[in-house]
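Common to both upcoming complexes is subunit A, partnered first by subunit B, then by subunit C.
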Partner chain A sequence: MVTEYGIKFTVNLINNHFGNLVAKVCENLLRRGPLTLQLIVRYTELTPQQVKNSLLILIQHNCVQAFSYEQDGGLEDGPKSNTQYMALFNNILHRMRFSKFLEIMSREFDDKCKELLEGLLQHGRLTLKQMVERAKDLAERAKSRKKEGICENLVQESLVKLFTARYVERCPASEPVLAARNKEDTPAKKRGPKSARTAEESQTLEQRVLAAAAPMEAQRFSAITNNESAVGRETSMDDSPGMRVGAKRKYDASELHIEPAAEEEVILWRANFEEFIRCLRHKACIENVRERLDDGAATVLRAMLEATRSLENKVKTEKSVPLSLNNIFEEVMKSEEGRGMTLDLVRASLVQLGCSPSARGTDESYKIDLKKIIELAQNDEVESIVLKRYGRDAYRMFRLLSKNGRLVETDKIANTTFVEKKDAPKILYKLWKDEYLHMEKLVVAGARQSQFLLWKVNKPCLWKHVLDEMFHAALNLSQRVAYEREKEKEFLNLPVDKQVMSQEERLNRLKSVRIVLESSLLKLDDALMLFHDFEESSLLKLDDAIMLSHDL
Partner chain B sequence: MAFRGRGRGRGYGGAGGYGFAKQEPFELFPDIELPNIKSVHKEETLVRESVKLQNFWKASAYYLDETVSKNSRSTEIERYSDMKKPRSTITRDSLSQILELKRFPQELIGGSKGQRPSQKKVRWNPESELQKLDYLEKLEQRAQGQENKDEKEKKEGENEDEDENDGEEDIEEEPSDDDYFQNVEFDDDDDDFNDVDDGGEDEGTF
Partner chain C sequence: MSRLQGPSPLKRKRPDSNTPSGSLTEHERLLYDLIRSKQDMAIWTRDMKRETNLPDNVVTKSLKSLQTKKLIKEVVNIQNKGRKHYIATEFEPSMEITGGTWYAEGNLDTEFINFLKKHCVKIIYELKVATLEGILDTIRRSRAFNVEFTTQQVEEIVNALVLDNEIMEVKSNGIGEFDSIPVGRVCYTCTSKGGDTGEPKIGALASIPCGVCPQISLCTPDGIISPKTCVYFTKWLDF
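Right after this comes the complex of A and B.
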């Protein structure tokens, strides 16, 4: 979901990273949808060269994707550029959590892999040659010996490890061509109700562009270029994606010689954000289960998710990949916490997790409803906000309405939650004013006209509102960090005799302030991911609707 | 008249209609009730990585400054005293050094000049050569250099007293090899009064 403060926050992020020129271009793309170069120049009032440089930077860092529509054959004076640029909100947002991605690297791989990923996050995309150059340069600075030769092999080895684990992928095409929509169809489509249009337009413009730009699945995590496959060495492997992973395992660093590709085919690599978000989603589910249930259930869940991570089709998958009880037990035994668990304990944990075996007989398989866990986590988050802001009575009433899902009358709410009848309307009204509740008036005409107020929690709207508030909070935190840094710079500019605290004390203060603020931002980011990245939005995104209408 | 909105508002507020807007002092960060600071779990490693990345981008070719017009720069004569002042501009790499130009839409790299990537060597660690070194990093380096920590702090204090806030890189434990690397891309032909092919300009960088 792209909300108003979501846009403000991401623009602020780009401003901090790349400056206000790039931020201006980015803001226009986020607010107005895909634009051509000429339109961007017009709206931003920057020079064409400034806009071009900004777009180069945004594309390099995977924040913008260019695309164009198929040109109709017809009367044209000459080649007319219809390249449009689309901002990728999700990728821009991921920039605030790069440090979490690096932490995942540190846990699962060695320092070399982490250094390689750091380079990809710093530069957005790199070729193998650039990665090797960078590694040599850094090794030289660190004054490590044997930087020649071994460095290049090490880099190749690290890259292979990373793309085999799908943490690194090939970059998408620079300018995919989309088939133009049939204009004759559009009037009929526009006349229909919005919900019908939603059902028909199952793929938004962003999804179409990304699908068109993405490399073939077989090539996405492969170093094999088209030139090599033309030689005939690898054709069979390219054809079957299922064999891809197995085939890769046959090669170790010395055997897999990543060919320096021909001029036309230089492979650009980038971090695969999807995989990192998948890891973070799993981590969130495990922690939620640990809090709600116990360590045993969390251990079993972690084992299942680790075993099936590479088999998940999409990040926001609703159910985990089915596993048999024996496989689950094997995986649990591999982990340190799981070593002490017996088969019965594992089975009991699975029951706690709410999954029943899906097939009778010897080969029962279990799968976890991840969507449900995420929903529970989201409910907990919103309920805790209501509790902290509005108090216990409001929390009880909100919880009742949230579980009920229907309109409930004021007195009934008060009776069920043991809240005073005179207090209930006031609290409910406050929640309604802050857009946490939906309210409807019911006028009953009878002997005496009476008015009833009915209340309901409208989850899709409320989730969007909560997400917007979180973006607002994140923006405030970022601005506060920037403000504290400016204050320190001003302080350090003062002559020494006017400084009240010593520089050392001041710098230490700045350090602790910054750590607290940035840690809060990282924690808030966990909540942002919960509402934005871990679950599909049920509403048609407003911005996609705008883009669709532009498109049509 | 400009006074209309302000002076009369207080007296006529309830007279009918909404009255005039009440003027309140602007507060950048109004006081609010904050949670207990101890409840915030300090993620020092994550914050350090985050800060490192942000410093990298600030010093990299990807950060586009609002540039001063060439005319005003060329009329300023560089004085001897300017050498002592902290440099307000950062020398960055140009985008053509790092971007794979062929993998971008044609209209963005258009022109024959754009087809040739720059031969200059990329600075993979620009934040270490940055004149304005982030003070948190300075603190981190000091904390990591456990030997002679007190002496280094004393030296640091003296150095900061002499220099301005973002002075030269005076930290003793910094490798002095940086001096040798600073002018790797230095082009003798660059001249302030003529065409300067440097990153951050709003003219073509290719």
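Right after this comes the complex of A and C.
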């Protein structure tokens, strides 16, 4: 869901990271949808060179994806201006989560891997050669006496680790070609291996472009080079005619004149945001369960998620292995906090988590409804806003309507929630005015004509509204951070005799202000993810796959 | 208000007809019979006038006289507090008129309700998990109230507590705390593990000024109300 303040916030992020020219280009793409170079120039009133540079930066940082439509007369005949540029809202948003991604990394891997990821996050996309250069640079600066060869091996090693864990992936095609718009409803036969994945009819343009640009699963996380030493399954690139070849040709001829180079160097790598978001989603689910239920349930959930994650990484056929009670128990025993649990405790936690055993053969197998957990967490977030803004009576009324999901009449609400009959309409009206409730009038023509007001929580609308408010709040926080930084600078520039407080005192204060603001922003971002990123269809699909693997 | 001690207000109806109604005037008799015929539903003065066709002053006078003779009484109708309603003294006004147990003199008896709510939370906390019957039983045995509660009344209170997020509904799985409760039965347990009925956890948006800000729709980066000049922020960051 992209909301008005979502755009404002992401543009602000780009502005902070890359300056106002890039932000201007980005804003136009976000607001108007995909545009050609000419149109961007026209809308932004920047010079073509400025626009090109901005686009290069945005592409380098995975914030923009180029694509083009297949021309009727074959690829060659089409005018070059056909290339469209599309801003990737989600990827821009991820820029504020880099610290979270790095934290995940450092929990699972060594410093070398973290350094590598840092480089990728900092530069957007890198070739192996660039990564090695960077590692050498760092080593030199750290005055380490590692030899070059070791350095290269180390980088390779780390890289393999990272894409085995799916944290790093091969960059998508730079400019995939989509079937022309008017053929949209015919199934995309040409996309070959991807046609299975794109079977859904109602894909957005963004999804289509991303699907067309994505490297094939087999390549995405494997093979640094084509030689034997590389890890992973080799799939010949020639298997996929049409799109890939076309894409490569386009690549060379791209308007932006990216230097074509030898195959090996052209392979670019980047952080796989999707995987990090999945991790964060799992983490959020586990923490939510810990809070709502207890440590035991959280331990069991974590074990289950970890077990299925390793299943995902194996060859696909292994996915059908069911996660039985024994599997879960084994996994629980692997973790420190789970070692004290008995089989009965694990089973009780599973029941707490809302899954009842489905006996298949002699084994009980379990699945967990992650979507439900996310939903509960979303409810908590919205309800706490209602409580703080409108008070306890409103909180009770809102919860009633939210649970109910249907229209309820004013007096009925007042009765069930023990709110004075004359106060109830006022509170409900306030919630309605702020878009927290939906209202309908019902006129009954009887002996005496009477009018009833019916109320309900319209979740899709409200969720969007709350998300927009979150973006708004996030924007406000980050602007206040900028403002406080400014103040800090100003203060340092003052001559010492004009400073009222002692410099140290004052700086400490400003620093703690910034810490509060910045940590609030990170926390708010957790909530943002809850409403924006954790419901992404791609993630849901994956969870369906997990559940399927449990079900079978 | 006095239901915590005092006599029970939920008196039985006593439809005895041994009333001193012999000495009534013709108009009084007419009105009295009308009021009585409405039983526990009571009747609005306007409706009396319409149904008896008596002039205003006669109705007012007769009603006064009937009241002094203690044959009728005025009741507050919860549906419409401004309209005077009368009922024959031998009837207790119906639930529709009084609003039920939770109302006292036409107002929501919040003091009584809150007392009962707290009491229920305490019971549930002590029992760890409790069924509706379990709660009702404990209340009955505790003798804290002079009122007899019905299952439905306790259910209403418990439901409100669920909406308050002080307790939550769980299904018994027959293990551990649930071992005395049949599997699948709905039970209640306290939300906060400490048993103190504290506020629910404050969410990320609700814990920063913008989350509860009445001006948020007017607040823009360079507007009159902006995060740079925001007084809520200044107050929040003042330490």
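Please note the rule applied: the second predicted complex is superposed on the first by the 452 of 552 C-alpha atoms of A that agree within 3 Å, B and C clash if a C-alpha of one lies under 4 Å from a C-alpha of the other, contacts with A are read in each partner's own complex, and residues count from 1 in each chain.
The working rule: a contact is a pair of C-beta atoms (placed from the backbone, for glycine too) under 8 Å apart; a residue touches a chain by one contact, two chains touch by 3 or more.
Please read these numbers as outputs of a predicted model, since none were measured by experiment.
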Exercise for the section: Examine A:469 and indicate which partner it touches, taking first as subunit B and second as subunit C; both and neither are also allowed. Expected result: second
Problem - Contacts of A:387 with subunit B and subunit C, given as first, second, both or neither - result: second
Fill in the blank from the handout: Partner touching more residues of subunit A, subunit B vs subunit C, is chain B
Exercise for the section: Answer with first, second, both or neither: which of subunit B and subunit C does A:399 touch in the superposed model? Expected result: second
Exercise for the section: Would you check which partner chain A:488 touches, where first means subunit B only, second means subunit C only, and both and neither mean what they say? Expected result: first
Practice task
Kindly classify A:175 by the partners it touches after superposition: subunit B alone (first), subunit C alone (second), both, or neither?
Solution key: first
Practice task
Using the superposition on chain A described above, determine whether A:49 touches subunit B (first), subunit C (second), both, or neither.
Solution key: first
Practice task
Could you say whether A:520 touches subunit B, subunit C, both of them, or neither, answering first, second, both or neither?
Solution key: both
Exercise for the section: Could you say whether A:302 touches subunit B, subunit C, both of them, or neither, answering first, second, both or neither? Expected result: neither
Practice task
Report for A:480: first if it touches subunit B alone, second if subunit C alone, otherwise both or neither.
Solution key: both
Practice task
Once the two structures are superposed, pull the subunit A residues common to the subunit B and subunit C interfaces.
Solution key: 480, 483, 516, 520, 523
Completion exercise
Per the touch rule, the subunit A residues reaching subunit B in their complex are 16-22, 37, 47, 49-50, 52-57, 59-61, 66, 81, 83, 98-100, 102-103, 118-119, 121-123, 125, 127, 130, 133-134, 137-138, 141, 143, 171, 174-175, 266, 268, 480, 483, 488-489, 492-493, 496, 502-504, 507-508, 510-511, 514-516, 518-520, 522-523
Practice task
Mind listing the subunit C positions that touch subunit A in their complex?
Solution key: 78, 102, 107-108, 110, 113, 156, 159-160, 163-165, 173, 175-176, 193, 199-208, 210-212, 216, 219, 221, 226-228, 230, 233, 236-237, 239
Exercise for the section: In the complex, go through subunit B and note every residue touching subunit A. Expected result: 28-29, 37, 40-47, 49-51, 53-54, 56-58, 60, 62-66, 95, 98-100, 102-105, 107-109, 122, 124-125, 128, 135-136, 138-139, 153, 157, 160-161, 164-165, 175, 177, 202-205
Fill in the blank from the handout: In their shared complex, subunit C is touched by residues of subunit A numbered 8, 291, 294, 344, 347-348, 351-352, 380-385, 387-389, 392, 395-396, 399-400, 403, 416-421, 466, 469-470, 472-473, 475-477, 479-480, 483, 509, 512-513, 516-517, 520, 523-524, 526-527
